[in-house]
Structure formats: C-alpha cells, structure tokens
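First chain A sits with chain B, and in the next complex the same chain sits with chain C.
After this line comes the complex of A and B, so read on.
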C-alpha cells in the first residue's frame, strides 16, 4: 500500500525563529543567528560560536511537573509538539490513542541534563543524582515525553543516525502511516550547547574554530573550515492524505513523496560515497526524475572534503548547475537531528511562497559546479524539493517533498 | 529537641523535585490523597524521597515509599525516623 503521506502541522524552534511565521520571516531574508556561545563560558575551548535560541522560557509553556525531568531539547520538542497540534487543527483526544504515534530522531540525547547530574555524582555523591537521570538523557526521551503528554500510544520510536536521522525518522513515520496509523509526529530536536556536548562534538574534528559569526560556517566556499553547532529542530504532523482531507485539515503543506538512504563504503576503499545513490533512490521512490526537482536543500557540511562529495553527487544527478541548491542552515548552524526536519519545513514554505531562501555569508567556490542560491532569496516556483542530510560515520539520507494537490 | 517534618516541608520538596501537575492544588487538603492521584508516579516519589533523606539525614527502607501512599503517612514516617535518629 502506498498511501500519500502529507504534512499537516508544523512546530519549529530554531535560533532564528520560534514558530512557523517567525522562522520563515527570518529565513526568507537570511537573518543570521550565529553568535558567541552564551549558555556556558566557551573561552577555554577552540570553538566559541553557536546558533542559540535566546527567547525560550520553558516555564511559560510547560507545567512545573515536566520541568525537573526534562533536558532543554525535550522542553523545546514538547512546546513544538503543542504548536504542531494547534497548527494542524487537531486536539490530542480527537483521534484514538493507539492510532497516533511519535517517531523522532536524536543525535545527542539530553546532554545538558546528563552533565548536571554527572557533576552532582562526582561533586556531591550518588544520593544527589536526580531520579530523572534514568531517562532524561536518553535518545528516545523526546518521543516518550511527547507520547505521554498527548496520549499517543501508537507505533513510536527513535532513530539515531546523527544528522541523517532527521530524515530517517520522517521515513519511518511514513511507513507507520502506510501500515495504518492515522497520525504520526516526526522530526527531531537537539540542544547540547554545554561543555559535555561541546567536547563530544569537538572530538569529531569538524567544528569551525573561526570566531567571526559571518565567516565561521561557509559550506561550498573556498574558505570552508568546519561547521558551527546550533540548537533546535522541528516536529511535523504526518497524516494519510485522504484521511487528512476527510477530517477537513486546512494546512496541507506538502507530501513526503520519496525517500532514499545509503551508507558510505569503507574509508579508503576508493568506491564512490553513497550520497548520489540516496538521491537517486529518493527520486525513484517519488516517481520523479531530476528535472522535476525545483530546489535542493543541501546537507552543507562546511568542510572541503564533505562539500566536495555533496557537490559531486548533486552535479552527477542534476548536471552542472542543473538545479538551485541552498543551505539556510548557514543562518543557524547545524542542528544535528533537528536540521533536516527544519529543512523540510523550509522546503514546504518555499513552495507556499515561491521563494528559495538563501545560503548566507557564502561565496561559491569555483571548484563546485552547483547553482548555489547565495546572497538573497530567489523567486522561483517550487513544486518539488529534495532535502539532503548526512550523519557522522557515513549515513546518507534524501527526502523528496512535493506540493500536495 | 528533634526536628519536625511538616506537610509544608513535604510540599516544598515535592515542588522542588517533581513540580506539580496541572489541575492539582497542593494547597488544598491533600493529607489523605494518594500520591498517584496527586500526579506523582514512582519516579517522582523516588526523587522526593532522595531529597528528604539528604536534607534530614535519614534513610528510608527500600519499601518506605511504596508503603506510605499518602502525605499523612509519609510525614508520620519521616517524623518517626527523625525521632529515632535523636534517640540514638
């Protein structure tokens, strides 16, 4: 059974916007949200910049019962879930509890919560560690907390494949709807701008050490020198297209039309990386050809080797300069599992307005023959978009989003 | 003189460690209401128990929290333990 699966509600929280309207107003004009780390003192670390969410107070949105047991990423996800329900015009009780599920992605888990409890363990003793450490750090905790808060007891889970996970979770949600679930929440949130999260990411060796917010994260630029981390993500409500129309859904943003995922060959094998095959698989799954795609939202790793792999894969499928490519994440930094769901949001909003948001701060290197949308947004009809995401260690995922009508 | 543990101490520690459910008023008469009805599951009670032990320098048995299902029972148990501690 290959029912059409559509996005009917969105909750988004990024460094440059809380909620769909704020996020898009900032993104369409290229508003930068990368700045010095303020959540902890980063002076002694080699990387000092991040995309932080500054105007979020969890206590304004969530009951006090949830505050002592949640990491920041979970608080953001719970509030985004509330917004997505409202956006979709559905209340948690409207649909039978076993027909609704939650499939999110997580790259880090609740690092800030975990760090605080480890500090208590080593600084004060085991009796000071919160009982909630048992789950608050855990990768699956966002799915679990959203499920409990909203009474969603259908198929649920978590996908852990770094940045690619944001798309892998959406694909898994689509499978569950095709198997008969009525409504699945999907997407991802990460927020680990704390010393423990920082050193874990620094160990990967791919973080930028530039201290100029406009020069630190420059994918596809001659001066590309790593990425800047950010916090946030997006949650999407996915439903069967017919069922959504049947209940009178008013926001049908777009269809999750195709998905492909591959894993890179062993390093040093000399074989081609897996990204091109993931793109081709997603196009085939959507029943589209390269010429049908109006824009590509790039993974945009920001390191020369990885940018090269991505530019080569895009050019191989679409031809040199064959499709507009953009990376609005240059405004926010890389949001780990939250990045690709945010790009899916950007893709459907690009369709709605007929406007491709820009890749900021970047001057395209002559090394790459892609049509990168730099400087400011580009007006263009968008009917189908390809979103790419890669995860540390070789994950490649691609999703095709198509206008729903 | 032994320290006394009151319902207000318990409410303060519940709020610090586990917060309060929407729709539950801890300032109403809760002395004989089951913790579960007040929205506190086993993990919330474990956290609350740990905080009481730390603050008052006492130790619960493994089943203290399972056996004392209401604020009145838990307050009484804590006070008994405090009295024993002074008596030693």
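After this line comes the complex of A and C, so read on.
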C-alpha cells in the first residue's frame, strides 16, 4: 500500500526548453521565454504576452497521420512521452501492456482544435466539421493517444482541476502503482494560445496587461498585476521503486513522497483558505516535518490577493522566511495543467545539482515573510521539495518530492 | 479487508426522469425519452434525435446568478449533488469539511456553453480574431470545466480534495471509482461524487454526424435507440447527471444511514487500439471486469444483473457481449443484461453515473430494467438482454460497465454490504 513511487523518466516541453537538458540549462540561469504573442495577432486584446514554444515542429517527431487528428497540446504530449520512455531506458514492449497506464491532467483540452471546428460549424456549416472533433479537443485525448501510441492498456485516467490538476494526476498515478501497476505515465499539457482560448482566459480577469515581458508576471512583487499564460508541460514516468531498481533503471530522479489536496471555502465564508491544510496533508503523507523541506516551488499566481494567501500559508507552516521559495514559472508563464509537473521536474533537477533555480524579474514585496529566491539561482543541498499548485475557484494541491536513496 | 465504501444518497436527473422516483418509473415501465431535437433547428444534421431533459433550473432551487454563470451541465451537477446530500440525511456541517471531497465526471465539460459563446464572440463564425468585448466572465468557467467540481463543492460545503474526472464516456464510472479510492485510502470520509454532461448542441451533433456514430432514425425518434437489436444504427445523444454521497461503511452504519449498496469493486483499462474503434475481442473490458470482481471478492456467479454500456452501435454491442462471455464464462448466458440507453439515450460522461443509479435502484426494487426497442435479435448478441419489459429478479449484486472514446473501458461491481465475502 505504501510502496515507494519514483520518477524514472521525464519528457518536458516548455517555452524555455524542449527536453530535460535544454529546460534545465535555461531554468538554472533564469532564461526568460515570455514574449509577444506570435501565434495570432494579439494587438486588439488587452493582454499581448505569452510563453510560447517556438522551436517545435510536430511533423519532425510524429507520423503524418497523427497530425490532422491532434491539437497542439496532444502533439507536445506525444513527443514528450517518447522522450520520457527514452530517458527511462524502457521500451513500451518491455513491460506487460496491462501493467502500464497513463494518468494525465488537462485544463482546457484541445482548445485550438475546437476553435477551428467551431469556426467551420458557424462560418461554413455543420457538414464541414472534422470527424476528429469527436475526440481531438476533449480532455481525455492525451491519455488516450499516449496509450494507443505506446500500447499501454493498464489503469488510466484524466483529471481536470485547472492548474492544480497536474499534481492531482501524479497522485492518482501513484495510487495506481501502489495498487500494482508497474509503470504509469503522468503529468499534463495545455496549449491554448489561440484567439478563442485567449478571450476565454481574459474573461477570468487575472491576466496581466503589462506589455513588458520582464514586468508582466511578477508574483510576490509589489507590482504584481496578473499572470502571463504559457504553453507546454511535462510527462513523468512513475514506477514502483523496487521494480525500477529490479529492471536496472539508471535515472531515479526522486520519489513522489507525499500529496495533499483541499478546496477553498465558498467565497465570503470568512474561513481560512485551504492551501495550508493541503501542505500539511502532503507533509504528513510523506512522513516529513516542515524542517525537512529544502525548497518550496510556489504556485505564484501573480495577483496580490492570491499571492497573499500563498505567502501566508507558507509562513504558517514553515515560519517567516523559514524555507527557500521559488517560482521559475516566471520565465515561462503559467502552463495550466502542465505547470506543476514542470515544477516537479525542476524540483528533482534542483536535487540533482544542489541548485535552486530563481524567480526571475521579481523584487520581493516587503509584505511577504518568505525567503524568495530572486535574481539568480542559489546553491543549496536539496533533499526534499514541496510543489504547490492552485486552480481557479479554489483548488489547492501539494506534492512532496524526496531524493531517492 | 480495509475501509469499505457505500452509497448513502442518490440524486438523478435524466431525460424523462428528473428525480430518483421519476427516473425509476421511466425505467421500470420501459418508456423512452428519445425525441426529435427541440433545442435548436436540427434540419442541417444527419441525426435529428436526442434525449432532452425537461429541466427548469429555477424550479430546482438555482438562483439567477447561479443560472447565469453555470453551464447547463454544471447546473445539472449541482442539482443532483444537492439531491443526493438531502437524500443521505448527512449533516456535513457537523463534519470536518477537509474530510469531504468532490469528484465530478464529465466527458465534454461546458461544450454547450462554449458553442453558444463562440457563436457570439466570432459573430457567427465570421471573425478569426474573436471579440473579447462580448465575453461574459463565466467564459473562464466554461474554458476549464473543473468549475463543475467547484460549483458542487460550494453547493455542498466540501473542502477536501476536489476534481473533475474526464475520461470520455467512462467518466461517470471513473469519477465514482476515484471517489471510492479516496475513502478507502483514508484521505476522505465522505465523497460527493457523480457525473454530468449536457452535450446536445450543434457542435456535438456535427462531430458525431461526421463519424456516423449517432442514429439517422429520424422518422421514429421514440424508438431510435436500439441497443442489441439487429436493426440498430447508432446511438441517441442524451444529457443528464447523477450524483451520490459515498461514506465509509462503518461510519454510515453508526449514524444509522440508509445504505443503498456497497461499491465493492472497480477497475478501468485501455484498449490502446483506436480513439473511436474497439477491438472485437472485448479483452480489455473483460480484464476490467475481472479485476473489479476480484476487488469485490466475488465470483462471476455472484453477479445477478449486468447493466451494459449498450450504446446501440453494432461495434459496441458485439464488443461487450464478447467481454461478458470472456470475463463471466457460462454465467454470462444466465445473467440478465440490459441497456437503459434504449430509454434515456447516451449522455456521454454522465451516463456511467446515471447507470450506477439505475443499478442501485434495480437492487432496491429487485427489478431489472429492460432494453427497450429490442425486437430483432442480432445472432452475434446471444445473451439475455431483457427485451421491452422490466423483470422481477432477485438482484443482490450488479456489474455496470462503460466504454468510450480514447479506448477507456471501466467496470464497477455494486453489492449488498452484508453479503458473505468469497
């Protein structure tokens, strides 16, 4: 029941790096990847910046028949899955097919695919809508496509909890391994940088309207004024620790040691938000205390009210300035369901190098009692990290990642 | 055996059957709720039939602001969650809110709301650069359908883990299965769980037309959904929701709760074959059924009734018939099998939960609902599909299954908690 579950392979695609090496090389030095939207003409919209992935050509990696039936977020996920298998030193056929599954998170599904088909529906007529609209946009598509491409017939799933979902998926994957599966893919990808996705995100009212790429997304800064959306995510291969060692796995990045999740009280209740309880639950699940945590990867909403809630929760658990806190997502923008899996990747790479990547562009507001790693990376031994993620409406999730023995 | 999980409250909203009582009347009388589409002009579409729910949100206690901000599917979910909670008699205010969680299944989220809003912001499909000045704030809630779980959490006061489970047409089983796992592992004591979908919109009709998945039997809508019948030619789209209150068995007993059934076993597998196609051998569904039975510590002979996926496509009906034989052996031939989709249509992610409700009600009443419209046997479907009329039948344990796009195959075993364990 409490078998150790470890990360043995990683596929990552973010605006500042494709693949583990590129991502970490950019992240450890604080390379900014937020810039003007190029995917469409954003001039008419109040927000004009995004974290886009520029050097990804799906056709270089995937069979041509998959291209017309996939949204961008699915293409990124399929390629990341291939990379993760390679990284783990496992080929899909190495493990019995019913012992492998896929549990992913999605926030908005294949929104750009959906946009294009809605445009055909209303602009041309229903007979122009693609047959692939029956699945290419829906939230389950990445789990389905990854399972098909890699012959994975075991327990699978899909969760949607906005930006908290990536951690919820990892927790569900861990449950499946503890129930006996040998290998589960987990993580999340979103890529809704299209006009229809843009207006939907604008409607949420939390996007930054600043046009300076280095001033637009400033969590925990006095000038925090919203977030910048990005695209991408990460997929992790999770395995039972003993099974992974048994097959001679060479990359054991770290252990998914603890998880906790809560939902905020209804607005106006006056009760404390649930983030602190999610952190405490994750620590208890990991069998650790606050003092064992070497770094916190913050959700870093970038709006004053939400930053306040997060800073308060961190201070309440760790004490004022009690733990280094960082948010490398200031380089990429917020990647929705992909954000937290990418932070888990950053956490295990921080352990490997003994280096906490920086929160770029931010000057910590004196209002917050947290030890935010700003400017450049900080050298520090990292044995255990806490990753936080929150979703619109009140979703709070926390994962503790611990160095593998 | 560790913590066991039971259903102590049910809320159902189905076409032709809003509320548990009306829903059971429809099923036990073998009536159908499939009709010509009225929500929009169906004339451009190949399939012009659907099972629409006659739903007035104000009548079900939703306020004007709730109605404005929620997609129809979210409204359904809130209504059935509240109904389930009231039915359970559980006073959540007396419990630790962090120990009550929410999982809501939905295959297509706010697809109807998105379709409506897209039409406006694109000015009828004319604008590529859609106009943000015409978006309502709740468009974000449609963009990310985790808003459904948020609404249910607010409506019930749950502050534990909350999420939407979205595995296509098995969402309604997988959502409840996920909730069961949270109680079993000790993360939660109570779960508000279920599923909802309201997909009857032009974009949904158009995409199912494109793959000819929905029936073109437009001249006879009331008899258009024909699972296991030799003349079937596609499914009838439906809508609706069912939610449940799940509790740990001992605490439910301690408070004297009415216990409908134990969720004794659950499993999901993938076909890893095709996004919309099925392997004819039914092996992955059979695998899910076997694992669910093992988890329930039950032999195939323990199953008294199979609530089939029975969508009304030839591919599905043969696939799952094969799966039942593969997993249950000869017992498959002795067990009544039926599909309520013949009556309430196929509401995508919601139907799995609606079918759990039907399964529980079959146990309550010791009556197996029929497969309506089944007049012409298909020689390749040679099980007992309970044609046309409900049947009195001692029903102590039910197997309910689902199958969906993406290749997901799920199975759940419902049983009486007082049974002897194999």
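Structural remarks
FYI, the second predicted complex is superposed on the first by the 405 of 405 C-alpha atoms of A that agree within 3 Å, B and C clash if a C-alpha of one lies under 4 Å from a C-alpha of the other, contacts with A are read in each partner's own complex, and residues count from 1 in each chain.
One rule holds in what follows: a residue touches a chain if its C-beta (ideal position, glycine included) is under 8 Å from a C-beta of that chain, and two chains touch if they have at least 3 such contacts.
A quick note: this is a predicted structure, and the numbers were derived from the prediction, not measured.
By the document's definition of touching, neither partner reaches A:383: not chain B, not chain C. Of the two partner chains placed by the overlay, only chain C lies in contact with A:144; chain B stays clear of it. Of the two partner chains placed by superposition, only chain C is touched by A:107; chain B is not. Residue contacts after overlaying the shared chain place A:127 against chain B and chain C alike. Of the two partner chains placed around the shared chain by superposition, chain C is the only one that A:46 touches, whereas chain B remains out of contact. Legend: residue contacts after superposition of the two complexes on their common chain; A:69 is shown touching both chain B and chain C.
Between chain B and chain C, C touches the greater number of residues of chain A. When the two structures are aligned on the shared chain, A:31 is found in touch with neither chain B nor chain C.
Using the contact criterion defined above for the overlaid structures, shared-chain residue A:308 touches neither chain B nor chain C, since it reaches no partner. Shared interface residues of chain A (contacting chain B in one complex, chain C in the other): 69, 127, 130-131, 134.
Put simply, chain A touches chain B in their complex at residues 63-69, 127-128, 130-132, 134.
Touching chain A in their complex are the following residues of chain C: 44-45, 97-98, 101-102, 106-109, 114-115, 118-119, 121-122, 124-126, 128-132, 135-147, 149-150, 153-154, 157-168, 171, 174, 178, 181, 185, 187, 202-203, 205-211, 213, 267-276, 284, 287, 404-408. The part of chain A that touches chain C in the complex is made up of residues 1, 40-41, 44-46, 69, 97-98, 101-102, 106-109, 111, 114-115, 117-127, 129-131, 133-135, 138-141, 143-145, 147-148, 150-162, 164-165, 168, 172, 175, 192, 195-205, 261-266, 274, 277, 281, 336, 391-395.
Residue ranges of chain B in contact with chain A, taken from their complex: 15-22, 39, 43-44, 46-47, 50, 53-54.
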